[in-house]
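Here the structure comes first, spelled out in structure tokens, and everything after it is commentary.
Chains: A, B, C and D, in written order; residue numbering restarts at 1 for each.
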Amino acid sequence: MSDLLTLAQSGYPAPIAGVTLAHYLFVSAAMFVLGLIGFLTRRNLIIMFLCTELMFQAAGIALVAFGRYHLNFHGQTFVIFILTVAAAEAAMALALVVLLFRRKESLNAEAWQDLKG
Amino acid sequence: MLLTALILMPLLFAGIVAFAPARNARGMALLGTTLALALGAFVCSQFDWGYADKHQFGAAEPFVWFPALGLNLSLGVDSVALMLVLLTVLLGPICVLCSWTAITQRVRTYYSWLLVLQAAMTGVFCARDVIFFYICFEFTLIPMFILISLYGSTNRRKAAIKFFLFTFTGSVIALAGLIYVAWYATTTSGGRFQGWTFDIGALESAARTMSLRQQSIVLLALMAGFAVKVPLFPVHTWLPLAHTEAPTAGSVILAGVLLKLGTYALYRFVLPFVPEAVVEYAPFIGVLCIIGILYGGLICWVQTDVKKLVAYSSVAHLGFCVLGLFALNNTGITGSILYMINHGLSTGALFLLIGMVYERYHTRSMKELGGLASKMPVWATFMVFFTMASVGLPGLNGFVSEFLCLLGAFQASSAWGSGLWGSLGLQPGATPGDYGPWFAAVAGVGMIVAAMYLLYMVGRMVWGPLVEPRSHAHHAHGAEDPNALPRDLTPREIGLLIPIAALCIGLGIYPKPVLDALQPPVSRTIAHYEQLRNSPRLTPTAPAEHASAQDGEGAP
Amino acid sequence: MSGRLAFVNPEIALFAGTCVVMVLGLSRTFRTRKASAWVAGAAIVVAGFLAWFSTPSLSEAVCPITGHLFSEPVTASQGQMLLPEMVPFAKTMIAAVGLMLLLAMAGTVDRADEERIAAGRATFDPLRSNRAEFYAFFLFSLTGLMLTASADDLIWLFLALELTSLPTYIMVAISTSRNRSREAAVKYFFLGALGAAVFLYGFTLIYGGTGSTNLNEIASSFREHGISTLAMAGVLMSLLGLAFKIAAVPMHYYTPDVYEGAAPQVSGFLAFVPKAAGFIAILLLTAAVGWEYAGGAVGVNSLMASDAPEALRQVAGGKQLPEVLRLTLWVMAALTMTVGNVLAVLQTSVKRILAYSSIAHSGYMLVGVIAGPVGDTFTRNGVAAVLFYLLAYGVTSAGTFAVLAALERSRDRSGEPGEVEHLHDIRGLCASHPALGWAFVICNLSLLGLPPLLGFFGKLPLFTAGIAAGEIPLVVILGVNSAIGAYYYLRLAFTPFLEKPEDDAEPVAAAPFRSRAVAAVASAAVVLALSAFGGRAMVMSLNAAKYRPSPLPLEVKHDVNGEPAAHDVAGVERAPDDFHE
Amino acid sequence: MLSQEHITGHAATAIDEGGMLTMLVPALTILAVVLCGLFAAMRVKNKAPAFVTVALLAASFVAVLMTYLNLGVEKTWIAHGFDWINFSWSGSENRKLTTHALIANFSFYLDGLTILWMLFVTGLGTLIALYASEYMSHDVGAGYCRFFAAFSLFVFSMACLVMADNFLLLYLGWEGVGLCSYLLIGYFYKKPSAVAAAKKAFIVNRIGDLFLALGIMLIYTHFGSLEYTTVFAQTETYIEALKEGNLEVIPATVQLIPLLLMGGAFGKSAQLPLYVWLPDAMEGPTPVSALIHAATMVTAGVFLVARTYPLFLLSEHALPAVAWIGALTAFFSATIGMAQFDIKRIMAYSTVSQLGYMFCGLGVLTSVGGAFHVFTHAFFKAMLFLACGAVMHGFAGQLDLRKLSGVGFMRGWKVTTVAMLVGCLNLAGFPIITSGYWSKDMILGEAFANPHTQAIGWILLLTAGLTAYYTFRVFFRVFVGPVQYEMGDEHHGAHEDAHGHGEATHAPAHATHATPHAPGWAINTVLAVLAISAFAIIPFTYSHGGWVHTMIEGSTARYEGAAAYLGHGEHAHGTFLGFEAHGALMVVSGIVGAIGIVIAWWLHYAGRTTAATSRADALLPKLGPIPRWAQHKWYVDEFYDFLIVRPLWVLSNIFHFIDQYIVDGIVDLFGAAPSLTGKAVRPSQSGELHSYAAWMAGGMAVLILIVILVAT
């Protein structure tokens, strides 16, 4: 944790006074956890997918913050690709959801549990 | 080259049998095994008995299978391995002949796997490379599994699975132990081995420098694998089941050779690799053997299934064998090796005889069979003969080995020369060890128990008023079945028993050539222990010097 | 730049093939449509060829296979320098196994359509045809896998992994028209997204902890500044996320359901492609961290007594992953093989058994990851063991699933041919379809690890490497698990041979696609061939596992003798029969 | 008594061609076995096996006789046959190269003791084989061959036992005779009782054999050799030391050896507590009982003690133990013998009793007396058995003395009766004219002559009286008195079916033997020869052994003198109630024997009118339960059954149970562990997406937690 504290204290440069890397990371972590919780609690397939998107974007926020912190562009570059991949996944997810909805007329994830054991 | 041929010959014929017409299968199998037997005899004649502890017939440049693994197909036999190879090739034709009429379904499959099994067993004894040994050791499981589960009796699936898993589990752990030794050999060799080596000779010299703790771990791992195969007391339960369910030839091979893989591995790996741990744990193993002897023997006594009785008797018999092995003196180890051969002959023959009865009556229950002497006098004669060989009657083969094993255990006591055992007199027959008279005396009770159960068996099966299964008697008095076997043994059956009987007598009254031939390798094994006792390990504070000192004399 | 592109020659070939396939598959003529499969095959062959002959080595300016000297000096920015030789081996292996999988894929998605068209009941409708996409996805996924192997950057790695995974979700969904495939797809996709989010976040943290996404730079940062907690957390999360790809505990839950729901040939694809991707990624990450850390609390060689000879302690000590990672992987490995095996024991569905067993195999391979590429011989190099095992497992499982794909039962109500489901269905296979039956027997015995088959030689280096790394308890767990595995593999192997089909059993017929059977038999043949003559493959995997613990500074020096760079640490020497000798 | 040279000088050994003649004995007997086997294989249905056997055994006898005449008994000769168990190895002890060997050759050790034994083994063997050729005639065919094969094998084994030059070959013979005994007791194998008796004999013998084997191992361990010459050479040095008073020089190991050997001897020679097999062994054909279970095999134990006499001398407890066990057995089995009705069993118990005498003889330091009694007993006991066998043969297996009477007055039974009378007189120790009197007297006298063994002497004297009583009880009941008989209910030959239809032959066999048939020429000849020789040997053996003495003075007896130095007792200082022991006992034992005979006459002959009853019957109730207990053999069999066999049986069943359910159960539990674990884990595979996700998230959390807890 000492690393994080160091990071937090030496945030450079500070665009908004008092907002350090730690704040971004906290937001990012919160988003990630929220996404995870949403994934675990919601039954609607579309919402579940959105929750995974939330987790992806949590990583994105952290990446941008780290990039800013490290003063290089790797983070930002990464985010661009994440967005692209997320878009591709979204397309796939929607197609899949449509396929599933046609079969069972439902978006409930619990409708699909024939395979088990 | 000879040994390669000895392994490839059955494999070749296995291929031929698998693709030849079914009606030729047994003939081809007989031809193959007979040729292997002839080849075995030739190998025996070419063997230089003057150097019986040297591994002979190995190619100068062994075929390198996987250089990256350090795995060579290196072969070679010393006199111990050669004897067991001879036992294997001898039982080959016998197994084919005893299945002659008994196997009518899936004949090609049967004989080809029988031949594969023979090749694998020969490979085990010829291997000079640990991994190659292990490959053959494990590969014997598959043919045996198939023989039991296709041609066995009612409960065969369970027996086959149990047999396979039991021995497989143990031997995987043994493999870990062997690899540990190989790793140790590499790390302490100072780069002498290019990559790793699994050469038994090289490992042997390296392994002995391991610390006691390491040796103990390796011993534990090796025993986990080989004790199951032998089988020693608490891990023997697969054996009665497998024997009971296996077809006759399967039982013969199981008792004759497969169990010997375990004892042979004990001789080949455990004794030379981890001498200190062996000395440390020999009493414990001895106790297990004795429990096996008495416990197994007494269980035999209350069996009704005659095959199960003989199967349990193997547990008891191999207890003697391992006891002799771990007595760690010439008499004991010589006796033990001889025991491997003798047990293979006499118990194998008993299974043959039981199989012959089973083929006629389709039962093995001693409640349904009795007094067969009056109906099958020739069979009864052989039965009594082989029972006596199994009991250990002097003049027959079993005695020599049993007595030597017990004598070995008896002599091996550090207590000799002190205290009760005579502090005053010189005791030229005593050897250092942890067994001593009590071990021999308690194990010797096994001789009495053996007489009890084997005579019980003979008393039920051979003597007494004639008892036949009701269905059979009914059948016999009914319509004449032209395909039914004649009542007493056929010339084929007598023919396959006579060589075994001759060997039983031969080894019983003139074992000298075998005993002499066994001395060089046995003495070589003992030498480790004498060295150990004469110069106990240096203190653990200076292991490096010790290791390097040992290195000089390592590797072949 | 051409030197840089040389790394992705195979991927370029595959991508080109993909483009052609997508177009050809839309053709109205049957023959042209059919040619898409041939083109796909040709693309894979070309890619494999390119991987084999043209991938530059990073430690030398020569191709490791041909010895061809590249004109342009290879520099640090042009590839990962940790396991530089892994790339050609991995790609060649991917191409080889991919080709067999492709053979098994024949007729997967378009069978019903083509039958209808052939019967004249329908005409070809490009909008409704899936054929082109299916093969394209197949090739895309392989491309992603190859890209994973050549990744030198976390971004690249992430993209490559996603490229590997995303097509497989679709392939599962459309592999059959049954609901089960849909269910498999939904589980696979959603849980896969979850896993991807986890390792993505892990990558993020690694970047945060080191300031770079380049693996070489990350590695040198770790060596220069130590591993910060942040970075360690990142590596840990990445490993957990990647555990999904290799179906390791606790990310294995999807495996049996997905394998069961997908068509068998697609299951075979899943058993190799994502797994290989996951293992390659894990190897890259662990290589970045390095295996040069001293033993921790649980420690290397905990069984090794203080009375061991000095030489031994020197060799045994101080070569392992950081204790955090080692422990994670240790627990993961032990649980993975155990859970996979104990659940497989209970199954009666052939595909489910194979699914669980594939979990177990991942556990075995993790032993190699833990052992690491410390040793200079095949027997002591855990990475080489993993790579060789991947090859062995890939070939063998491809064969097993191909046998299942080559068989079918009567059609169900929807007109879809039934799959081989229960163990009963393969009874007596050796009698009714000898080639398929024996292929199945051989492949399963190999998976069992029965000597002298390939699976045994795959497992043996895991044993030796594990023991050499002092992981004796783990090796014993591995051994015991092999024995548990023997139980169900024996059933799988001998049901076709020993059991007779029940009298009222519905007969199993061969599917009308010869190439599936060819795939099965070819796999079995390769298994046998490698069992006998696999020595060369072992040497290659050993060369591929050449590990450079400290990749920076990156001047690759060559003296006149062509000896390797001076900063090779002791113990990471050349394999004995390298091509220089 | 013996000169100093005899004690100290180790008898010279030599290898001589003449000694090789004895190799003919095993060769000829094995030839007989093989020929009988061939006859069986060829399904010969005549008496050829018998005559081959008789001829070859006679040839063996001649070979032994020739050896005796050629070599004499002054020296010990070694005849080397071939190497049996013979190997050597070199080892290192304390960095010195040492050579060890285990040598047990098939070689013969020929001295007086050996030749004495061999003479009567082969001699009696020939005679009894001749007898059996007629006795077994109803079994001509397969069974006949089997009988004579086993018979010849027995002589072979006995030859190995007696002539062995090492302990291991002795052990071969030892177990070999056990095997033959097993095969011959179980000859009528369809009779469950015969099978059980055979089994019992073998197993009880095996118990003794174990002790013998352990003794042999101890000998090898201690002396480093199994060969008599080497071992005895070393015992000489111990004896030398003893004579100088160094009692403590003898190691405990050596003192243990005789105790272990004794165990073997008591098993084979049916002494307490291992005697139980011998009475049951009477299930075998009578010639077998005569040869094996009376004359030869059962004396193997005596032979063993005599052979290893020097070893016995080295332990201060060994010989007294031998004497006491012998005396107690003699008395104990005599009491049982008094109450039996089966005449063969009476003879069996009398054998046990007489064997006790022989051991006493050895135990009280008159090995000559022991050997002498063995020698005389061999003749008269064989004769008694053969006479009983003739009766049994003639009366269809009838052996109950309550159902036979006045046989001697029937036609054709004269020779049998005379032989019986001679035998009875010998056994009863009728003074002067019987050899039995001389040999028994020698033991009695020696027992009293030693002040430490007076008690033994009294027991033996009492036993002598009992012996005379039960012996003549048989004679007076069966051979004299009113002529009455009841045929036996079986014909033992019927069990051996030549036609292979075992079930069908009982009835006709019974019918053909409705009337007794008198013995034929072979039986009569043999009985006559034996009866004559029972008298004829008196001049050879008269007083202190005579010829027997000369036979063994070079081997066993020469050690007796040494005993004086060993603290075993002051020789010849004891007295019988103040009189000189030997002289007094000649008179006293004669009187005691006569009293026994008179009581038997009074109780069983005088005034007896029927076969079944006698005056003794009136006496029985007055003795309370004792006669019944004695008749039930003091319930020893039941006691053993209760104490050993049943517990063992129960234990075996418990073991079997343990093996099936506990040992195997644990194994199966290990086998089931994977599937049980699998069943426990399986619910997590619920098929539900969310539960998977939750397990995954939870699993990751747990894994991270473990890592944090353990690794940091």
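As a convention for this text, contacts are C-beta pairs under 8 Å (C-beta built on N, C-alpha and C of every residue); 3 or more make two chains touch, one makes a residue touch a chain.
As the structure is a computational prediction, the values presented were derived from the model and not from experiment.
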Going by the average position of its CA atoms, which chain sits the greatest distance from chain D?
A
Central chain, going by Cα centroids?
B
CA centre of chain B versus CA centre of chain D: separation in Å?
37
Cα centroid separation between chain B and chain C, in whole Å?
42
Rounded Å distance, chain A centre to chain C centre (Cα mean)
28
Report the inter-chain centroid distance for chain A and chain B in whole angstrom, where each centroid is the mean of the CA atoms.
65
Hey, what residues on chain C touch two or more of the other chains?
186-187, 190, 194, 198, 256-257, 346, 487
Considering chain A alone, which of its residues make contact with at least two other chains?
36, 39, 109, 112-117
Among all residues of chain B, which ones touch two or more of the remaining chains?
165
If we use the touch criterion from the header, which chain pairs count as touching?
A-C, A-D, B-C, B-D, C-D
Sort out for me which residues of chain B touch chain C in the complex.
64-70, 131, 134-135, 138-139, 141-142, 145-146, 149-150, 161, 164-165, 168-169, 172-173, 175-176, 179-180, 182-184, 186-188, 190, 194-196, 209, 211-214, 217, 540, 543-544, 546-547
Residues of chain C that touch chain B when the two form their complex
303-312, 315-316, 377-380, 445, 450-452, 456-457, 460-461, 463-464, 467-468, 472, 475-476, 479-480, 482-483, 486-487, 490, 494, 497-498, 534-535, 538-539, 542, 575-577
Contacting residues of chain C [partner chain A, same complex]
154-155, 158-159, 162, 166, 169-170, 173, 179-180, 182-187, 189-190, 193-194, 196-198, 200-201, 203-205, 207-209, 211-214, 228-230, 256-257, 260-261, 346-347, 352
In the complex formed with chain B, which residues of chain D make contact?
40, 82-95, 100, 102, 106, 142, 168, 171-172, 174-176, 179, 182-183, 186, 189-190, 192, 195-196, 198-199, 202-203, 206-207, 209-210, 213-214, 217-218, 220-225, 248-254, 497, 500, 502-503, 648-649, 651-653, 655-656, 659, 663-664, 667, 671
Considering the complex alone, what residue numbers of chain B touch chain D?
162, 165-166, 234-238, 295, 298-299, 301-303, 330-331, 334, 371, 373-375, 377, 384, 388, 393-395, 399-400, 403-404, 406-407, 410-411, 416, 420-425, 427-430, 437, 440-441, 444-445, 447-448, 451-452, 455-456, 459, 462-466, 509-512, 515-516, 518-519, 522-523, 526-527, 530, 534
